[in-house]
Amino acid sequence: MNPVLSLRGISKSFPGVKALSEVQLDLYAGQVTALIGENGAGKSTIVKVLTGVYQPDAGNITIDGAEVHFPTAQAASKAGVTAIHQETVLFDELTVAENIWLGHAPRTRFGLIDRRAMRDGALRLLEGIGATLNPDLRLRDLGIASKHLVAIARALSIDARVVIMDEPTAALSYKEIHELYELVEKLKAQGKAILFISHKFDEIFRIADRYTVFRDGQFVGQGDMGDVSENDLVQMMVGRSVDQIFPARHRNIGAPVLTVAGYSHPTEFADIGFTLHRGEILGFYGLVGAGRSEVMQSLFGITKPSKGATRIDDQVRVIRSTSEAIAAGIVYVPEDRGKQGAVKGLPIFQNVTLPSLSRTSRAGFLRLAEEFKLARDYTGRLDLRAASLDQDVGLLSGGNQQKVVIAKWLATQPRVIILDEPTKGIDIGSKAAVHEFMAELAAQGLAVIMVSSEIPEILGMSDRVIVMREGRIVDEVAGDRMTPETLVRAAAGLAVAA
Amino acid sequence: MTPHHRIIPDRLQSPATRALRSWEAILVAVAIAVFVTNSFASPYFLNVWNLSDATFNFTEKALIAFAMAMLIIAGDIDLSVASIIALSSTAMGVAMAAGADTPVLVLIGIGTGLLCGAINGALVAGLGLPSIVVTIGTMSLFRGVAYIILGDKAFTGYPASFKFFGQGYVWWVISFELALFAAMAVVYYVLLHRTSFGRAVFAIGNNATAAQFSGIRVARVRFILFLLTGVMSGIAAVCLTSRLGSTRPSIATGWELEIVTMVVLGGVSILGGAGSVAGVFLAALIMGMVTFGFGLLNVPGIVMSIFLGVLLIVVIALPRLLRRG
Amino acid sequence: MSLLKSREALLALAILLLIGVVAARFPAFVRPANLANVLNDTSPLIILAIGQMIVILTKCIDLSVAANLALCGMVAALMNGAGVPLPLILMGVVALGAGLGAVNGVLVWKLGIPSIVVTLGTMTIFRGTIFLITDGKWVNAHQMSDGFKALPRTVLLGLPVMSWMAIALIILFTVVLTRTALGRSFYAVGGNPHAAVYAGINVGRTQFSAFVISGALAGLAGYLWVARYAVAYVDIAGGFELDVVAACVIGGVAIAGGAGTVAGAVLGALFLGVIKNALPVVGISPFWQMAISGAAIVLAVTFNATQARAPGRIILKSAEAR
Amino acid sequence: KGAEEAAAELGDVEIIYTGPTSTTAEGQIEVINALIAQGVNAIAISANDPDAVAPALQRAMDRGITVISWDSGVAKEGRQLHLNPSSSALIGNTIIKLAADHIDGTGDVAILSATSTSTNQNIWIEEAKKVLPNYPNVNLVATVYGDDLADKSYREAQGLMATYPNLKAIIAPTTVGILAASQAVTDAGKIGEINVTGLGLPSEMAGAVESGATISFAIWNPIDLGYAATMLSYNLIKGAEAAPGASIPMGRIGAATLDENNEAAMSDPFTYDKSNIEAFKSIF
């Protein structure tokens, strides 16, 4: 059988990064090909090359043996390639229907956009993926999961032979994920060639027929799913076998540091209460959208709670701003690194000292030598990889940016560190480093809160786990009860198993 | 834990190399070129008194440009500055008519600027409105109030001691305005590049959300920046009023755009996050010398403004053209 | 939601209220003839506001519109002086305006210079060019042919042609913006330029088109202006660009791009037009006009911002509903 | 043009004619500074703002430069003498008379001025108001400002017509204003109902006079004004003293006699109407 679409020798560089280096990829009709690789392996980049968003530096794309070029996204969709991108690339001010049809809207006889056809088409597509959404709603009024469904409908609105899905399940709930699986089966039955990108092995083994592995922008191998084991794939991804991922913890839990009681917000969360101790890692689990980030950001002074109190070392503290939180010793490593974490455009050392300026300056006047010293100390401890400390943070890879953000907080010498999805978007190597570092911090007596949606990570790292659902704490799990089943049932609102 | 850390060097380029490759280096070259051209083009150019007179062309605008640069670096803009001058000047006129003395006049001028800055700051930093729109509004509002107060009248007859700010000399050919300009250049250099406040300004301009997440009081910094442009406009109003010896609601019309031009020419990114006081200082000198040079050649003002328009676009476009080779 | 939709309706209400207040003191103000007059008088502002709105939709701003208008107006007057027939003049100024807009557009598109910097520069260049081609001289009424001056003021079905042109452009651009691919791409580019690339829309080229449209409209307005006031000189419509931006802001066009309607921009222009025309009638000193329009801008932007404020995430709702 | 004529006549005079970027006082000061720097012998200025330019001109005088103002004057301390194009009183009287004559001395009239800061306009309006009692049935209802902007003046004229339905005449002592007002009256279809008059240049007013929107208007000879200003400057440089009562020659026009404010008037305004406009419209 000949591939519908195949890529040969594709290279793509960005300033400072070689994202793809002579990679190849084949997609077959009626088959799902999984593309696997660590974060930053170049998966999304190949998607963008395939959809005309990026132009490759070298290499060629052939469809049915004929070479094609995609100078724009429109050219790619005309050639029958459509994609659900990793990021939701939609328009808040336009309606659902307009978002689905933008760029290829049905026309009336006069060449004007046919709004009725657009609306009907949108309804049909949404129905097809099991979504009940009003096509006239403006996108800004939708939640993140609904937006993702719109993105899927948009991809399907193009009558394509090749369908690409870049981590399509990341933002979806359990039920929606299953509907997506059904959809993939349907598309497969229609003979479409599907490229499926995911980090979740269970998912890959469930729906993929073939696999292709990338590592550091290079093609590593491909083959039939039936011929490989999970461990084989991991080995191909990282170039070595990974057996013991989580560090052994030396548990040494001390006195309570942070006590939260009756913490509430008008719309986001209600009645949050817990105690955090010295040397403890407290996990927060929940489905995406359960409101964990919101609680943490509120503890960090970003949003104001409507009710409730926090005590630090038995002292009631009202935290109204991030600077007050930092002064109280609470720091927060945000989930959205690019937007909330790193200040791209500023050099590494200035990022590190940003919250510590009062210590590195005298009477408001900066002392550069002190700044460099502080930055050197903490980035060194985290084993940062960078050319120099006055390099722009924006030029670093995601994992190294995360290290800068963590260094920034450690430099303030906090008592409580909140890590929100600390390993999201980080490759397995860096992930282990972050885990080890967390364990070390706890051992030094810091109190750590870790928000994570990854069950292995939560179970592997936490001393105790709090489960949230729809803005409320639904369970607290410790000791023997710390099993995947307990967490999943609690997070999904199912009856607690005995 | 980790066996050996790689040592990351502090810098790859020495500060001197960096300075040589900077935007300011280009501006210095342009400034020298303009100076030399002018010296050849007009026999009257190289005369200390003439040069001293010429500085009045830009000192008041440059005072505001320093504060505006910080504001633009932080990602905001204030188009109401010229109107603040008009309102401050009018307020001083009212006070003078009521018999106030020079120190009181100065206080009132600066105080009015502060108040206007506070209004802008409250609307932008407090309510979170876009600064460009807010200040287009207050631009009409502030000057409008000046018109309501003054109408077709003018205030004249400022006390003799008040003349010092716009017509007085500190030492030999160094006018008060020139000295103030130089002093403010130093003050703003230190404020922007040598204090944690300045650092916060850069952080906000590059990523306000991340700055807030790093414990910077973003709203407060932005508010203070509006106060600063307000105060500098107030100070400029004192100088200008003193120099003109009178107040009309129409004074300083159109200055806001000249000031923004000066700031952008100085290498401040209009999108925020980058820029330097040295650049603005040099841009002020260049614009002053160009204006004066053309003036000596009796080139009509409007031709001069074409030149500045072209200069603005070319200076911004050139590096972009070169970069793409 | 319904409130958001009725932003234009609220503005229309505010305008009616304003007219009502004026009419209470000066009934003559609401005579159809006078209202038609206000509309006619506001036509150039309306035409420019439509163009500016499109530019702002794409996350840009065009500060050179007034200078473009002045230059095109002057060229129209000079062409007329040279005996060029009127239809050719009309095509000429629209093309010239579009060309000047294209200069802005190219600088924004190809060099990626922020539009505020580009148009700040071209506004002085365009105006300076008028001086260069005329040496600062005026073109006066008697130097213009009667046909040239007559077109905008010829009355058709009770309204002068200038008003009809504005009305036609309102309709044309409402259709363009709501019912054509280009129109929707203006919204897409301003709303989320990053995502627009994924939808196959060339952001720079769309911004370029916006500048060309804004320029062409300024060119047409240039002819109308000069023909109507029967005079052309360097400084005509000086500072008018700010009125145009103000009209858009009052009309609820988001300065950050991606949101706004033709109706809003037109109503914003009418709001300013009514104030301008009402003040002399009501006998309020014209010195109040500036402060009033300034206050209107500040109020409008405050109002629009509080309306548009993101509702915040509602996580608890489903839990409560149970 | 007049200045060049004078220069040619005098032989040893070079004229620099220049203007600022915009019509603001600050712009004019920049020009003054440039002129001082070039060490000119005399500056003859028509001021945008009488007070604001005074300090700069004082500095010019300190550096030995002869400074006179003409047309739109400068505050007394900022110049040696001021040359009015014509006696202010006479202009004030003329514009009222022109308005009154064509409405049979009865009815509402309004004034459309230039900017609220133009000295000359304001003086003429003052003078016009002084002679109003001589026309008991002429009722001055409003003074508005068009800022010498065509559109604003036009709108102000429209406003006047809307506000005062019985308006019989609009007086605009400024070229932009009178043109805009004639246009507004023409567009409103009120030719014959409302007479526009004031000060304007024949070349610009020819159309309005022909259409009948303006029956007659006045102006002095601007060529003579430039000529006279140049002559006065020249004579001051050559040693003539500017003091109250002094008489300084102005070449072919005669001599200027200074009043107690060191002001002089050139000549009487001349009235133009259908009968003579053709002859003058090609001259100025």
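As written, the chain order gives the labels A, B, C and D, with residue 1 at the start of each chain.
The working rule: a residue touches a chain if its C-beta (ideal position, glycine included) is under 8 Å from a C-beta of that chain, and two chains touch if they have at least 3 such contacts.
Everything numeric in this text was worked out from a predicted model, so none of it was measured.
Comparing mean CA positions across the assembly, the chain most remote from chain D is A.
Chain A and chain B have Cα centroids lying 43 Å from one another. Chain C and chain D have Cα centroids lying 35 Å from one another. We define each chain's centre as the mean of its Cα atoms; on that basis chain B and chain C are separated by 30 Å.
Shared interface positions of chain B, defined as residues touching 2 or more other chains, are 151-152, 254, 300, 302, 305.
Multi-chain contact residues of chain D, defined as those touching 2 or more other chains: 19, 22, 116, 145. With touch defined as above, residues shared between interfaces to two or more other chains in chain C number as follows: 136, 287. Applying the touch definition to all chain combinations yields A-B, A-C, B-C, B-D, C-D. Interface residues of chain C facing chain D in the complex, by the touch rule stated above, are 26, 28-29, 34, 37, 41, 136, 138, 140-142, 153, 225, 228-231, 233, 235-238, 276-277, 279-281, 283, 286-287.
Taken in their complex, chain B has these residues touching chain D: 42, 44-45, 47, 50, 53-54, 56-57, 151-154, 156, 163, 166-167, 240, 243-246, 248, 250-255, 291-292, 295-296, 298-302, 304-305. Note for the complex: chain D touches chain B at residues 16-22, 24-27, 29-31, 33-34, 36-39, 49-55, 59, 75, 115-117, 122, 145. Interface residues of chain D facing chain C in the complex, by the touch rule stated above, are 19, 22-23, 116, 144-145, 149-151, 154-156, 158-160, 162-163, 165, 176, 179-180, 182-183, 187, 203-208, 210, 281. Here chain C touches chain A in the complex through residues 1, 175, 178-181, 184-185, 187-188, 191-192, 194-202, 258-259, 310-319, going by the rule given at the top.
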